[in-house]
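Two complexes are shown next, each including chain A; its partner changes from chain B in the first to chain C in the second.
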Partner chain A sequence: MFQYILSRLLYTFPIAIGVSLIVFALVHLAPGDPLSAVMGEVDQTMIAEMRASFGYDKPLPLQYMTWLGSVASGELGYSLRSGQAVLEILLSAAANTIALGVLASLLGFSVGIAAGMFAGYRNGTWLDKVVSASAIAGVSMPHYWLAIVLVIVFSVEWGLLPAVGAGSASSMFSWESFQHMILPTIALSAIPCAIVARTTRACVMEILSMEFVEALRARGLSESRITLHVTRNALPTVLAVMGLQFANLLGGSILVETVFAWPGTGSVLNQAIFDRDIPVLQGTILLLAMFFVVTNLVIDILQTWADPRVSRH
Partner chain B sequence: MVSHRWKHPLVLALCMALAAPGAALAQSKPLRVGMTLSDIPTTSGQPNGGFEGYRMTGYTLYDALINWKLDDAKVSPTLMPGLATEWKVDEKDQTKWVFKLRKGVKFHDGSEFNADAVVWNFDKLFTKEAPQFDANQRAQVAGRILSIKGWRKVDDYTVELTTKTPDSTFPYQVSYVLYSSPAQWEKLGRDWKRFAAQPSGTGPFKLEKLVPRERAELVRNPAYWDPKRMAKSERLVLLPIPEATTRASALLSGQVDFIEAPPPDFVPRLKSSKMQITANVYPHFWPYFMSFREGSPWRDIRVRKAVNLAIDRAGVIKIIGGYAEPAKGIVDPGHIWFGKPSFDIKYDPNAAKKLLAEAGYGPGKPLALKVMVAPSGSGQMLPKPMNEFIQQNLKAVGINLELITVDWETVRNCRRAGAGSPVCQGAHGINNSSGTVDPFSAFSRVYHTGSIPPNGFNFMHYSDPKADELMDRAGRTFDDAKRDALLAELHAYLVDQAVDVWVVHDVGPRAMSSKVKGFVQVKHWFQDLAPVYVEN
Partner chain C sequence: MSNSEQSTVRVSLDTPGAVGSAPGMDVPVGYAQARSYWRGVFHRVLRDRVTIGCTLVLGLLVFLAIAAPVLPLIDPDVANSGDRLLPIGSPGHLLGTDELGRDMLSRLIHGARLSLLMGVGPVAVALLVGGVLGLTAGYLGGRTNMIIMRITDVFYAFPSILLAVAIAGALGAGITNALVAITIVFIPPITRVVESVTTQLRSMDFIDAARASGASTFSIIRTHILGNVLGPVLVYATVLVSVAIVIAAGLSFIGLGASPPEAEWGLMLNTLRQSIFLAPWISLLPGLMIFITSMCFNLISDGLRSAMDVRY
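Entry: the complex of A and B
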């Protein structure tokens, strides 16, 4: 197990370098001059001076190596727009996004697994049909549309919950902050909830039709013990799906964060794209990519733990 | 007995105090503003975020030597004394300007504003060797005060600023430079990042709390030097809400009291919820700037006039919920620089067809134009439906308008690079709204031969000796009335030449709760938030 984790950790490095190269190339291939975008209407000499001071006048491979060097030392540079340290921007934004991501995962996964299990066990009944139809609706419904509907119903019409922002409380664990998180959490959890429900239902149905379940029943095991076996067998597949969904949620959603004016990584990324704020753009995409890499690693480890047959050697 | 109590001197005094104009100072409810920006504009002196930045963290926390008079919705705002009480150009050497500074003005940290502070702030922006030099602040303002050459202290309350050449528009340029406290910067370890969190200016508000990308909380500066502009709200909260529908929802749900730029399709809903909607024309125009380079069909004045006459501006305005004014030139007809053009810009498709026929275009040889547009952008209103509507208008008179849709920064880069440059992808023109706050931004930077890229923003490569001469003369005319007359003559000439395609002027709609009082929407990009408050 330890050797497996170590090898997976080692794989992470070439993946991270590959990701950083793609991130750098994509950002620099996009049209538009970042400095003239940020500096507004100043003369070309001043833009050239600033370009030199940020090192953007150097050849791209050299710029890449310089950036990689500073990333390795934990330094992501400074925003061209605000002058704030990119790391500082990302830490505060990531904390907001992770808070939503964790809440949406808890909500989406627990509801999704429960609904999927019920539907799988009650295959063909009205309950199964309701769950399946809801899951299809959940997957098909654009989450930004759901976000707008939630705002209109719960904030504008009924005035029950705040429509925008993260509130003014100094702690994220306050009641005020929690109120601000309710609607974005529901909007974000719809898709993962539906996907997890569908996957769980399919897995449970498949496992229930296997011979070993019949054998367990024949041996007189209680239904609750059988459910445990079913759950254990369904877990690797559901975990893999949840892992990807969790990484998606941690990456933040540009659309949902924009609708709720939520100060997370999605909003940062969106604005950095519009501003051509290269250091912020590079830092954010790298961070999001690393979320995926790390989450996949954790899921791989969890899968191996849940089902030792899943070996990646 | 009751009547006796009412006559008690103390009660009477209280009643009088409440009825007095300054009573609103007692307002304790915060004024929460939903901005269109996605972040709080920088707070260390020169704000980023364009003119919205100036409105929110510029003229609230800081002052300029010369401020804008922003209290009358009916007239175009003019300049007025700010941290300088008077200024004049040297009669013998018109590159020298002497500014007399206001005495007794204190920064928020209690230190004194004086000539040393002015010199220190100019060094902050333009002297690279100065310890307080801040490239980020310089980037925000350098393009707005292009004439500045030198600065020096004459005495504690007098400074002399010099310009590169005689320039009568210099006072407008001075209005963009805001003054940060040298003492506060020293106190915070000479660190602009720390200063941004605890800034000190001379403005009617002080910054109390800043959470980047989330909120800024400003509180009234009770020691503000101008009693007439004392903040009426105890607390001003700025919230970045870039998505228009979200801003409107925040207003409807009572999370904010005041929003900038509500989406036009939301306005009826806001009105039905008893929200106030304000609008007023301001120095903005939404045009197509077209290429005058060799080979461009735009060099033919008949084509230029035809396109201007082919556009149904009332139809365009309908698309944006009525929140615009039809453009009849660079500035609106009520502006002092409008003049008396003979070419009346209106919707007359028959006249357009006739002019096109005279220019040699017709069914067998339709005129083809390419314009670069962006789906969104600062001051662009609702560009997609507006451009598509214009495309239909032009088609009706036999002009094939091709819209090259790119992102906003590509349009901006094309404008900076000028017509014919590779970034413009073969477009004859660009759709890029423009501000006309001062004579330089309205005329010289856009229409002067000297502003052809890379020297300026004359994207069109428009070069006309008569227009240049009028702009140069206006720049050398130090009598305001005479200069305005020259600018009116210039404007009339440019309209008669049909230099651009002028479509509409924005009216900058804003929406606010019925409890918001004191807001006067003036004809300007800048608006004063000091007199605005939420009624208890």
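Entry: the complex of A and C
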């Protein structure tokens, strides 16, 4: 198992390098010069000077190496627009995104697992059909649309909850902040909830049809003990799916964040794209992709713990 | 199932992003699927009311989209400031009007053209490119496989929405750029599915037998591999279309795909968002269209999966 974890850790390096290459290449695919887009019609000599100071006049491979070197030492550069350090912008935004991601995961996973277990046990009943149909709807639903539906129902029609923003409270743990997080959390939790419910249901059904469950019943174990065995066996698969969904919540929240004007990484990314703010753009995409890589790594390791068979093949 | 000799192979399917990810998929392999197999699939699909219903809905939508210019609809681009945000059911405007007084019914139908194209087009191209890459990697194995699959792995390090937004954002707004971005997002998952089925097939006895009897690589792929790969890939691609439609509209929604005054569901959802206090229900219509279309593709995929006995 230790060997597996080690090899998995080592494998993360080439992936991380590949990710950094894609992020770098993406930004340089962009047509036009990053600086002229920001500075507009100004003196050419000034642009040339700026270009030299940002290093944009060097050949691309050299730029990449310089960038990678500074990224490795935690230096992500400065925003072309505001001059603020990219790392600083990202840290506060990431905290907001992670807060939503964690809440949405808690909500989505608990509802999804419960619904999936019920449906799996009551296979073929109306309850199962309701869960399966809702799960398909949840997977197909454009979650940014769900966000608007929630705003219309809870903010416009009933006036219960704030429609946008994060509130003005200084602490994230105040009632005001919490109120602002309710709708985005629900909107974000729909997809993970549906996917976890589908996976759990399929897993539970498969395990219940296995012979060892029959054997446990024959030995006279109580239903609750059997459920324990079923849970234990479903855990690795469901865990893997949950991890992937959590990583998706962190990296893919841009659309919902846009609807709610939530000050997270998604909003930063959106702003950077339209400002053509290259350092911020690079930094945000890199950070989000790294979230994803690290989460996947953690899940793989957790999986070897939950299911020792994984590390053996 | 017409053939009892098939075996089942577990295919790992770690789908990226919002793709309805399932941990594994049981793919029936082990024989070049005979014509009678496809006939069986067809008959099973015909008996599946949900799949037939969804196919009819999508068929109607495609028909309306294609026929939109000749249908007796109000011009979707004609604004009328006197008729702004008329409610659903207004005389002359069955589904009301948008924030500029343009007819919603007409815009929704015209919007289907772009929205469907942006969902189906990229998956079709990705199917071609990913199919070739996956077949190459799976059939040749060795170093070719390693190079192709490791590059695929790197793309898996991005959530699909992030990758689409990043590529479209880097290329700049516009439909073509959005199409390119979504296509790139879907090439890796298709490559992975095709590769894993092909790799499983390659080690089967009947492929060795075909090779021993002098069949060329091309004819082995055409007669023995393609037929077996087609089923699972078709099921998977249908799910991907449902995801692609949501992501494509999402790109337009944040201003990266279609641009005003084009009729496109995601863009319409975005512009109508400013009016949710005045006309909340009208602003939900474009999203409802995205939802229905995506759901139909998802349900059809479910139907195909059980008809072809491809199990997630």
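The rule we apply is simple: the second predicted complex is superposed on the first by the 305 of 313 C-alpha atoms of A that agree within 3 Å, B and C clash if a C-alpha of one lies under 4 Å from a C-alpha of the other, contacts with A are read in each partner's own complex, and residues count from 1 in each chain.
Basically, a contact is a pair of C-beta atoms (placed from the backbone, for glycine too) under 8 Å apart; a residue touches a chain by one contact, two chains touch by 3 or more.
Bear in mind that the values here come from a model prediction, so they are computed numbers and not experimental data.
Model built by superposing both complexes on chain A: chain B and chain C clash. In the superposed pair of complexes, A:Ser82 makes contact with chain B only, with no contact to chain C. Applying the stated contact rule after C-alpha superposition, one finds that A:Val139 touches chain C and leaves chain B untouched. Shared-chain residue A:Val164: touches chain B; no touch with chain C. Applying the stated contact rule after C-alpha superposition, one finds that A:Leu287 touches neither chain B nor chain C. Once the two structures are superposed, chain B and chain C can be ranked by residues of chain A touched, with C on top. Of the two partner chains, chain B is the only one touched by A:Phe260; chain C is not. When the two complexes are overlaid on their common chain A, residue A:Gly18 makes contact with chain C while staying clear of chain B.
Of the two partner chains, chain C is the only one touched by A:Ala240; chain B is not.
Once chain A of one complex is fitted onto chain A of the other, the partner contacts of A:Phe274 extend to both chain B and chain C. Looking at the shared chain after the overlay, A:Ala93 reaches chain B, while chain C stays out of its contact range.
For chain C, the stretch among 56-64, 182-190 or 272-280 that collides with chain B in the superposed model is 272-280. Taken together, the two structures place residues 31, 148, 151-152, 156, 258-259, 270, 274 of chain A in contact with chain B in one case and with chain C in the other.
Within the complex formed with chain A, the residues of chain B that make contact are 34, 38-39, 42, 48, 50, 135-136, 138-140, 142-144, 146, 192-193, 196, 212-215, 217, 237, 239-243, 245-247, 249-250, 252-256, 406-410, 412-413, 416, 423, 445, 454-457. Every residue of chain A that touches chain C in the complex is listed here, in rising order: 14-16, 18-19, 21-23, 26-27, 29-31, 136-137, 139-145, 148-149, 151-152, 156-157, 191, 195, 198-199, 202-203, 237, 240-241, 244-245, 247-248, 250-252, 254-255, 258-259, 269-270, 272-274, 281, 285, 288-289, 292-293, 296.
For chain C in complex with chain A, the touching residues are 14, 17-18, 20-23, 150-151, 153-155, 157-162, 165-167, 169-172, 242, 246, 249-250, 253-256, 269, 273, 276-277, 280-281, 283-284, 287-288, 290-291, 294-295, 297-299, 302, 312. The residues of chain A lying in touch with chain B in their complex are 31-33, 36-44, 46, 50, 53, 81-84, 89, 92-93, 148, 151-152, 155-156, 159, 162-166, 168, 258-261, 263, 267-268, 270-271, 274, 276.
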